[in-house]
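Here the chain labels run A, B, C and D in written order, and each chain numbers its own residues starting at 1.
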Amino acid sequence: MRKYLSVIICLMAMGASAQENHKPEDTEYLTPVPNVVTPGKGTAAPSDAVVLFDGTDLKNWETKDGKPAAWAMADKAVTVSKGDIQTKQKFTNFQLHIEWRTPAEVKGESQQRGNSGIFLQDRYELQVLDNYNNKTYTNGQAGSIYKQSRPLVNACLPPGEWQIYDVIYTAPVFGKNGDLIVKARVTVLQNGVLVQNGTEIRGTTEYIGQPKVEAHGAAPIRLQDHGNPVSYRNIWIREL
Amino acid sequence: MRKYLSVIICLMAMGASAQENHKPEDTEYLTPVPNVVTPGKGTAAPSDAVVLFDGTDLKNWETKDGKPAAWAMADKAVTVSKGDIQTKQKFTNFQLHIEWRTPAEVKGESQQRGNSGIFLQDRYELQVLDNYNNKTYTNGQAGSIYKQSRPLVNACLPPGEWQIYDVIYTAPVFGKNGDLIVKARVTVLQNGVLVQNGTEIRGTTEYIGQPKVEAHGAAPIRLQDHGNPVSYRNIWIREL
Amino acid sequence: MRKYLSVIICLMAMGASAQENHKPEDTEYLTPVPNVVTPGKGTAAPSDAVVLFDGTDLKNWETKDGKPAAWAMADKAVTVSKGDIQTKQKFTNFQLHIEWRTPAEVKGESQQRGNSGIFLQDRYELQVLDNYNNKTYTNGQAGSIYKQSRPLVNACLPPGEWQIYDVIYTAPVFGKNGDLIVKARVTVLQNGVLVQNGTEIRGTTEYIGQPKVEAHGAAPIRLQDHGNPVSYRNIWIREL
Amino acid sequence: MRKYLSVIICLMAMGASAQENHKPEDTEYLTPVPNVVTPGKGTAAPSDAVVLFDGTDLKNWETKDGKPAAWAMADKAVTVSKGDIQTKQKFTNFQLHIEWRTPAEVKGESQQRGNSGIFLQDRYELQVLDNYNNKTYTNGQAGSIYKQSRPLVNACLPPGEWQIYDVIYTAPVFGKNGDLIVKARVTVLQNGVLVQNGTEIRGTTEYIGQPKVEAHGAAPIRLQDHGNPVSYRNIWIREL
C-alpha cells in the first residue's frame, strides 16, 4: 500500500519544480550511526565513561610531581589533604560529573570557607566553595569560572550536603602565534540548575591580574588543595 | 592593619608600571549578586522554576486552538491522547526538565514505535522515540533535533522505563528582513548523557523538505501526538 | 525524457533504503530568495546601506542631549570638536563601514595620541587611536574592544593616513533578569586585516573597573570626543 | 603631580570596599603585544600574508595528484583549464582574500553559468558563480556555502567584472570518535558586503545527499574546475 502511495507521489512530483518534489526520505541521514551508551542509574557513570574515582582508590590520580595521590579516603569519598591532585590521563573535550561536599561545621567566611576548585585542563578553575549564606565576590562564588564568570544563580546546598557539578567542556583552539582562535566553552549544571551556559573562557585562572593565554594540548583534571577539608566522590568523565 | 598594608602597596605601586601592581581585589566583581535558587532533590523542580506539570492537573496546558488540554492522567503522569498540547505560557530562553516513557509493550518499528516530540518554541522538535534496539534514520533518533541534528550517542533506556531530558535553549535572533542573524542553540542531556552540545538550529522542523526560517517571539512548549501512547511527567522550566 | 527517468528512479527507490536514492535536487532550497544588493565601488556604500555620513552634512547625527551635531567639516571629513556625537537612528545587528584619520602631526603618547572611539550600540567601544609606533596597553590599542579584547595584530597605518574599520556586529540578548544570555559578537577588519574575530563582548566599556551588564535594545552609533582632533569620513551601515 | 593624585586616590580607596577602589590600570593588559602587520594598499596583501598567487606563476599550486598546476595565465590572472588545482601548503584557521571573474560573454543558466568554487580545507565549498540576473537555488548562489547555507544577500557584480571574497575561517574540531565537536565557522564579505556571518559548516560539501563528517587536519585551498572559464587573481592568505 505504501509503495503504491509512493508511486502516486512520485508521479505527481514529476510535473512540479524541484523543491516541491521533496519526499520525507530526502532529509533522512542513515550514517554514521551514533554509538549506543547505557546511561547510569541516577548519577552513576554511563557505560562509555572513564571512572576517575568510584570510592575505591586513587589509582587514576597523582600529584603535580607525578607521585601517588595521597588524599584521605573514607565512605567512598576522598578529602583534600596536602597538595593538589590531578588525573594521570589527559583530556581535551569532555563531559564531567563530579560531586563535592564542604565541611558540615562552618569555619571562616568568604573565600576561607570550604574552598577548593576543579581545574579543567589544569588551567581553568571551576570554583568549589561553601557559598551557602556566605557572601563573597560574585566571580568567586561556587559555580563561577573563578575570577572570570559568575554563576547565573547561586544554586548551593547547605554545608555538609553532597553537591553535583555536571560539566560540558570544549577545549580552546590556538593559532600559529599561540593566539586564542576559538575560546574554550563550558556549560555547568550545579545540582541540576544551570550556572554556566556555554561560557567562553578568556584564559588561565589567575588570582592576581588578568587571564593569560597559553597554548596547550590535552591536560589533566586537577583538584585544588585550598587548605579546607572539602570532599569529592563519584567522579566520571566522558571524552567527546 | 590591612589598611596600612594597602598604603604600602599603593605607594609601591606608584613607582612601577601598571600591570605588575595588580592586587587580587582588582579582578573581583561585587555586583550584580546572582539570585539564590534552592535546587530540587534529585530531579525535583528548583525554587525558581515554573512547574508545568507535577502530576496533578493540566491547567498550564491547552490545545493549539486554546481549548483545555485533555490528555489522560494516571500515576502522576499524562499520556498522549488526541492532538498536541502546549503550554499556555510562552517562553524565550530557558532550561527545561521533562521526563518521558514509551510503552512497555513494543509495537511497530523505526518511527512507528513510541514516537512523540517536544517542540521548543512551538517549532523546533526534540525527538521522543522508543529508540532502544530500534533502527531508524539517525536524525530521527531519540535525542535528535528532528531531521536536523542526530544525537551524539544513543542514550536510550528500554521501553517502559522513565527517561529524562534536560534541555538548555536560547532562542533565535531575527534581523530586519526576517533573516536568522543568531541561530537558536540547544544542549540536551538524555538520562544524564550529553546528546546535543550547543547545537545550532537551522530553522523549523519539517517532515518534508528543508528547515524554514520564520521570525517569531516567545512561544509555547508543545508536546506532540504522533499516535503512540507516550507518557510524560515532572515537567518544569526555568526562564533564563 | 526527464520525466521517464524520474519514474524509473522513483520505482527503483521504492525497493531500496532512503539515503541511497538521493537526487541533487533534494538538497536545493528555492526560497527565500536573498535580496539583491549592488556593491559599492571600492569602499563606497552598497545599495542597501544607510549612509550615515558622506561628507555633506551631519543631519543623521546629534549630541547626547539631542542637539544638532556640530563637529567641524572639511574635505568630505568631519573632525572631533566638542562632545560626543551619535546617530539619530538606532541599530541592533549591523555591518558598519567607517574611515578615520589621526592627526599627521604627532602629539602625546600612549592613550594621549590621536584617541577617539566608536561606541557600538552606545556602550561598547571599538578603540580609535594613533597606534603607529606608539606603545600602550594591549587592550587599549587601535582595533581593541577597549579594556576587553586586544586586537589580533596591530594593523595601523601612519598618522595622517585614512584608515578603515569594517565591523560586523550582533547585539547581546538579555534574559528575564537582565542576565546576558547571549553575548554581543563583533568581527573587525582594520585596513583589510582581521583584528577581532567574532569576539564576545562581556559588557559595557568601562574606564575603571569591570564591564557592566545592562539590558538594552536598539541604540545609536556614538563617536567619542577624547580631546584629540581625529577625523572621520565615509560612514555607512547595513542593518542585518 | 600624577603621583600625588595617585596617593590621594589610594588613601581614599582604603576606606571603601574592594571594587570601588579600582584604578584604570587594573584593567590594562601589557602582554602579549600583538604583532605589527603592515596593511596592503587597497586589496594588496598585508605584510604577514602568504601570497598564493600574484599573477606571476603557479608555483604554490598543484593538481590533486601532486603534479604542477597548469591553468592558463594572462594579465596577472589565471583561468580554469583542466582539473582542480590546490595549494601545496595546508592551512587550518585563516583569513583569505581571493578575486574572481566570470566570463563577460554569458553562456548557460543557473549552475551552468560561470561556475567554479573555492574549497576551504579541501572540503567546504564557497560557491563561485555568475549569479547576476541568473536564477538558481538559493544555497547554490554565489557566496553560499554550497548546498548548506545561502548568502544573506546577492551581492554579485555583472559578468566580466572582478569580484572579491574576503573570508574568515576557523577549522572544525573533531572528538575522539571523529564527531564534530566544534563546527567550522566562516564569515564572507563579497565585494565588501556581508554574505556569511560566522556560519557554522555542517560537514563536507556534497552534490547529492547530506554533508558528511570526516575528521581531518590542516588541508589545502582548492579551486574547482566546473567546466567554465572562470578566472582568479590576487590570492593571499593569513594564517590565524
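We adopt the following convention: contacts are C-beta pairs under 8 Å (C-beta built on N, C-alpha and C of every residue); 3 or more make two chains touch, one makes a residue touch a chain.
This one's a predicted model, so the numbers in the text were calculated from it and none came from an experiment.
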Any chain in contact with chain C as well as chain D: A, B
Classification of the chain B:chain C interface as same or different, half of numbers criterion: same
Inter-chain centre distance, chain B versus chain C - centres from mean C-alpha coordinates, in Å: 32
Inter-chain centre distance, chain A versus chain C - centres from mean C-alpha coordinates, in Å: 34
Where chain A touches two or more other chains at once, by residue number: 18-19, 22-23, 26-32, 35, 137, 152, 170, 179, 181, 197, 210, 240
Complex contacts: residues of chain D adjacent to chain A: 18-19, 27, 29, 32, 35, 92-93, 137, 170-171, 173, 175-179, 181-182, 210, 213, 239-240
Chain B-facing residues of chain A, complex: 19, 22-24, 26-37, 39-40, 42-43, 46, 48, 95, 97, 137-141, 147, 150-155, 157, 166, 168, 170, 185, 187, 189-194, 197-198, 206-210, 238, 240
Residue ranges of chain B touching chain D (in the complex, touch as defined): 3, 6-7, 10-11, 13-14, 17-19, 21-22, 25-31, 152, 179, 181, 183, 197, 200
